[in-house]
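Lettered A, B, C, D, E and F in written order, each chain numbered from 1.
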Amino acid sequence: MKIKKRCSAIIEALPYIQTLAGKTVVIKYGGSAQLDNELRKKLCSDLVMMQTVGIKTVLIHGGGPEISSFMKRLGKTAEFIEGLRITDEETAEITEMVLVGKINKTLVSEINLSGGRAVGLSGRDGNLVRAERMKHITQKGKEIDLGLVGEPNRIDTAILKDLLEHKYLPVVAPTGMAADGRMLNINGDTVAAHISGAIAAEKLIFLTDQKGVLRDVKEPDSIISAIRIDELEELKRIGIISGGMIPKLDAARSAIEADVSAVHIIDGRVPHSLILELFTSAGIGTMITRH
Amino acid sequence: MKIKKRCSAIIEALPYIQTLAGKTVVIKYGGSAQLDNELRKKLCSDLVMMQTVGIKTVLIHGGGPEISSFMKRLGKTAEFIEGLRITDEETAEITEMVLVGKINKTLVSEINLSGGRAVGLSGRDGNLVRAERMKHITQKGKEIDLGLVGEPNRIDTAILKDLLEHKYLPVVAPTGMAADGRMLNINGDTVAAHISGAIAAEKLIFLTDQKGVLRDVKEPDSIISAIRIDELEELKRIGIISGGMIPKLDAARSAIEADVSAVHIIDGRVPHSLILELFTSAGIGTMITRH
Amino acid sequence: MKIKKRCSAIIEALPYIQTLAGKTVVIKYGGSAQLDNELRKKLCSDLVMMQTVGIKTVLIHGGGPEISSFMKRLGKTAEFIEGLRITDEETAEITEMVLVGKINKTLVSEINLSGGRAVGLSGRDGNLVRAERMKHITQKGKEIDLGLVGEPNRIDTAILKDLLEHKYLPVVAPTGMAADGRMLNINGDTVAAHISGAIAAEKLIFLTDQKGVLRDVKEPDSIISAIRIDELEELKRIGIISGGMIPKLDAARSAIEADVSAVHIIDGRVPHSLILELFTSAGIGTMITRH
Amino acid sequence: MKIKKRCSAIIEALPYIQTLAGKTVVIKYGGSAQLDNELRKKLCSDLVMMQTVGIKTVLIHGGGPEISSFMKRLGKTAEFIEGLRITDEETAEITEMVLVGKINKTLVSEINLSGGRAVGLSGRDGNLVRAERMKHITQKGKEIDLGLVGEPNRIDTAILKDLLEHKYLPVVAPTGMAADGRMLNINGDTVAAHISGAIAAEKLIFLTDQKGVLRDVKEPDSIISAIRIDELEELKRIGIISGGMIPKLDAARSAIEADVSAVHIIDGRVPHSLILELFTSAGIGTMITRH
Amino acid sequence: MKIKKRCSAIIEALPYIQTLAGKTVVIKYGGSAQLDNELRKKLCSDLVMMQTVGIKTVLIHGGGPEISSFMKRLGKTAEFIEGLRITDEETAEITEMVLVGKINKTLVSEINLSGGRAVGLSGRDGNLVRAERMKHITQKGKEIDLGLVGEPNRIDTAILKDLLEHKYLPVVAPTGMAADGRMLNINGDTVAAHISGAIAAEKLIFLTDQKGVLRDVKEPDSIISAIRIDELEELKRIGIISGGMIPKLDAARSAIEADVSAVHIIDGRVPHSLILELFTSAGIGTMITRH
Amino acid sequence: MKIKKRCSAIIEALPYIQTLAGKTVVIKYGGSAQLDNELRKKLCSDLVMMQTVGIKTVLIHGGGPEISSFMKRLGKTAEFIEGLRITDEETAEITEMVLVGKINKTLVSEINLSGGRAVGLSGRDGNLVRAERMKHITQKGKEIDLGLVGEPNRIDTAILKDLLEHKYLPVVAPTGMAADGRMLNINGDTVAAHISGAIAAEKLIFLTDQKGVLRDVKEPDSIISAIRIDELEELKRIGIISGGMIPKLDAARSAIEADVSAVHIIDGRVPHSLILELFTSAGIGTMITRH
């Protein structure tokens, strides 16, 4: 009987909910999960569910593809060096407009329609992310200027804590504020790692376009379900962690080192993957921990 | 795929949880639900789930069969007049011991094992239920003395509110305290109605041995799903409400009149019937409301 | 001696500060004041000063010229009917991006650099401004569709109050959220009037490009320093209030009717005009009150 | 003049009250004090007085004789090995019923009639006393199973602190909850020592059937008024502490070692002995301290 | 046995303490009680006892004789018209110095030595008593100027409430502050009546040099133990209330009319008369009530 | 334009206000500043300004000249040994009356008239200053008894903190309470140093009759603007610090050693010198710091 199973699904979620109630979980969200309307709606429901059962939830979003497409509308081509966007004044302006004025508001609105109480923040609101310009050394050892690109040097968590205490769900656009007040564009995974460390989150979850860390990229079932941070270097060396996974796992490591208990890399393309990961025994994706 | 359905069960519970979070729900529990070990364990999980998602939950239990069976062990026969137990000094003593020292503690313990934080109360703890002796007029119009049987005349909700505020789950044995300090035995449904009214509960739920109010007792599918309190008299008159249902519906009416929004009569023999009723669209049993 | 005068300026501000400490003041800000870098910096200092001496301060900004200029960059022409912007999907998208992702962040950043703690909000954050589409009747009596243009139908002040209680300075972009979650563009003066009424502000101050309401538009010194709301109709009839002043004074009236004590129309082109108006006996511009 | 003396009695209590106000005092109560109606009433007044003048008061009661007499009514004989009750399933059931459902409620009721606000607790309520089965080694060195008899392994003081903060007077029955949820019977003195240590009580007072520790058991006036814990072993060795006093003084020692400032052994047969001990210079019985 | 009686004195005080705990009691104190060192020490103990058992206690003192004697030391003669002191500048200066700088501090110090936490206040501290000059009409109908003598026109109870909340015992000197900031001398009974009304005291107690209101002044045992305020006029008319009792009973009436439950006139010459009145069944002096 | 300068004076005060908001500043006040009516009024405005912008402000006053002149009125000559007043019983009585009953109330009243909320305290109120008799060793090495003169041995800051928390401005007369409850006269600078240390003040400011510490007493412009405490001994040795400055700088040193960040010696004869020092870049007088 259907109804019966529904009940047991709910009741089996109980111990998971009990474990996380009152704790803080940071979600970093990007890629297809962000672009697909249906997936996005489901994610927003999941976030509201988390908040409702008492998990302090912070969402950090990305924005790559939409920034590039908007630049195209303005007749401007995005330039990248080794995967990093060169950010001149105009690019910076557009980046902030798209991240803060478009993507962030779409998410806030979707969460609020699902019955949540989201408030959007950029790194400049409440001095959340103070940042400094990042120097990039190319693989050939040349130092190049990426423009208005930064990395966090101080997280002021007061605004997050105040909003969470009043049961709001903060939605954060990954930007920072330089000493002169200017916006700096920051990698979303980096912001997520810094913020989750600074607010002593229990978990940081990356919603990605992959099933997790795969032992063999061609075998989608070869997921490594658990990695200790002291194994990361070896996994990089033997090429299991490569490409876009490298910065993500570096972010994971720095979060763990800042006392986040666990970082999860899960598949954002699976509907309700957050619920699956957090409230069922399914245990999808890869979990990174200290020990 | 199984996992998928599990997720949707959880996520479909969201609007129900959102509606009840922060509200108070009183559960009156008796009959087979109480006697069957498996059902009791499931009920306790359900209560912990309710408390965990932010519903202020109060459990009121009964005790009829166990009191009688304990009296038998002491070589004493339970005496009833028109369904009401004659309660002499010794019966009163045994009643309180069984209700408060046995049934109540079993429930408290079960809830705590499920990860909840239950605290047992009798009507004498914290002056919760002040009561006076009840006079009974038989159907033949004769007034008879039922002994140490009472009805509430003042509910002091402070201890319930203080416990709920600190996230405890109060488990209440249906006794009261007379002006001279003596214990009075009180009908559990009556206590539930008075308490739910006094603490302004959103819902009062009776877990019973029936599917609800049936249009035709022989047809288990003839449940009347909704009754307005102004229909009760007519339903009694035409015999649809009869026997043990009469006092239960009188209690329901008095709760509604004391501003409880809805009273539910549901089938305690169905596992997880509370979850079904509260967190799914299943909508089992009979709901009594004002309008 | 210079120093001496400085002291007396500070000490003469005392009674004004004492009167406003703990009260809420809403500032609506637009026009040249917003476009001129120097003026904007001074305004931001003024706001931080207000917040520092204990005035709960809310800033609401406009965005007209910058929206139009950004649309031009995208090769799109702004269309107006009787001064109201026709807002199609693309215009709406750009409007929100400019207001929320650019102007709002510039102000937040400037205030934070001056030592304040600003947090930017749009009408969709925390459900601040729920709105519905506005119907416009032209002067010729024709009803026309302005597209994604709205007017507030519910202000949820919780997020403002929570931020003010924690000593943040909310900076609000004038947008709203429709029942379907979409952004609606709203006139800034209207948003300011609704918000100041909803949070029971002591004062609403319009920083404009005029010295106030002039008896004779050609005589800059013919400022009317005080107007009662029951005088407004007559002033409109005889042409003293005309053009852009009409909607501003309609907003003022609705704020007063929602129990704001006083609305001020002052000259945003004068540096530190807020300090002048609030903390000195200078009393610039026009004040609108009930009596 | 009588009235005059009354006043001075009250006013002489002042420094004692001032010293204890805001502190926590745990009373262990058993023996004749518990069985005699008049003494019990006076004790309850004393407890209410303590609570009224601001002393956080916790009562822990025993139950030996009443358990045995109830077992007799059920035709069951109490079995003891070296003074310890062998507790089979049925004995455990009866023990909890008598302690929690009878003695505890009588005390709660008496206190509430005296104007206090008592709430009864067992070791299973709010997880107050988690316990494990106790192994008993007989004097002959044989390990025997006492059945459902335990000793505390974790005290969760939250429920006591929450009740004391709201000015309730907790009345505790000496039972515990095993890891499987079952009730374990625990020696009342042991529970009192563990609880007073866990809540950092200022004093633990044992109301007993003796005047205190006597230098010569046949000389009721040979009370030793003060003992340091490092003297206990020697006093046992020379036989001054013997019989039932041994476990009581072991409990006293463990309380002192858990930072209770003083343990008192006083004569519960003297009316108002608590008032005498706490609020007058009379200083009855034996006091055990660290130094 | 002495000790026994001491206990019962304490325990008999319990219901009285329970009734007054958390309530506010204002004591007006003057005459011999104030001048006699032994009586004053006892009074201070009584006040500390009251505060300790949870009664919010405010003391208002007088100063007549000491002011006059200090004036004599300065070679100045006190002038009175119909019992009212003519207060010129110098008299006012001396009055405040004696009341605030001498009597008040002596009382504060005595209370603190008894273990209390007293804080002295004059009518000018925290704007406690705003006052205006009093006009006096002589019995011959002539209006005369008494100088710097006033009557309260606004009591700002904030400072009293803040101190009582933090468990201080405010000791008030009967002065007021005129609109120009100058000290005005005010009758102590009048200040006591205004303050007890303004802070909604439960009781106002006058400690006097008389046993209470006597039916026959020559018969010290002819105390009228209870008077309703509607009886006062008749008692004045027939001469039972006369002389110095008239202003005291006028003050009593105005306190009752401001919702103080009861005003007591008791004999301050009896040691510990406050304890007698409040904590025993002795019930000394005269009580004035509304009904 | 005048108005413009006024604005900039206010806005230039902003960073100074921001730095001190929420911090505690203790002002010691004496000499001409206290005797001149106009200066006193301005000082009171300055204090209210400080309190209004969120600085927790405590005022400690002196009283030397007024005590002596009042003694003269009583025909009593003030006796001094090496600048220290010999304080017999009568002198002590008068000292307290003048300090507490006259000077203190004048200041309280002036501050309250300026819109502040001052409350006067002596060292005996709320046990603020517990003190012991001071022994004085003359320059000739003879120990002499100064009578009722003391030095603080315990500061109970509770009353100050409670008043500051409720936004009162405490005005403290420099007296103390001996173990027997008697008033002891204490040097005002000493009281200021002890109190500022005990409440962890940010700054202690001495308002004096000098421009600060002068390199050459005859050159009023030779102010030393900053002194480290390790330079004090050398400055004394070479005679730059001499006379009345010695005890003031000793007090400064002990405040710094008790973790006050900075002590300022400024010219109380300059109107609004507090505003100048605290809220402008003028930086008058001498500042003493640790490093």
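Methods note: a residue touches a chain if its C-beta (ideal position, glycine included) is under 8 Å from a C-beta of that chain, and two chains touch if they have at least 3 such contacts.
Just so you know, these numbers come straight off a predicted model, no measurement behind them.
Q: Please identify each chain that touches subunit C as well as subunit D.
A: Common neighbours, subunit C/subunit D: none found.
Q: If you take the chains that touch subunit C and keep only those that also touch subunit E, what is left?
A: Where subunit C and subunit E share a partner, that partner set is F.
Q: What's the chain with its C-alpha centre farthest out from subunit C?
A: Relative to subunit C, the chain whose C-alpha centre sits farthest away is D.
Q: Averaging each chain's C-alpha atoms to get its centre, pick out the one most distant from subunit F.
A: Relative to subunit F, the chain whose C-alpha centre sits farthest away is B.
Q: How many Å are there between the centre of subunit B and the centre of subunit C, using C-alpha atoms for each centre?
A: Subunit B and subunit C have C-alpha centres separated by 56 Å.
Q: Approximately how many whole Å separate the CA-defined centres of subunit B and subunit D?
A: Centre-to-centre distance between subunit B and subunit D: 35 Å.
Q: Rounded to a whole Å, what is the gap between the Cα centroids of subunit D and subunit E?
A: 47
Q: Mind pulling the subunit D residues that touch 2 or more other chains?
A: Residues: none.
Q: Touch graph across the chains, line, ring, star, complete or other?
A: Topology of touching chains reads as a ring, each chain with two neighbours.
Q: Round the ring, from subunit A on through subunit B, what is the full list of chains in order?
A: A, B, D, E, F, C
Q: Please output the residues of subunit A touching subunit C within their complex, sorted ascending.
A: 73-74, 93, 96-102, 104-105, 108-110, 112-113, 117-122, 124-127, 158-159, 162-163, 166, 168, 177, 180-183
Q: Under the stated contact criterion, what part of subunit C meets subunit F in this complex?
A: Contacts found on subunit C: 3-15, 17-18, 21, 42, 45-46, 48-49, 52-54, 114-115, 271-272, 275-276, 279-280, 282.
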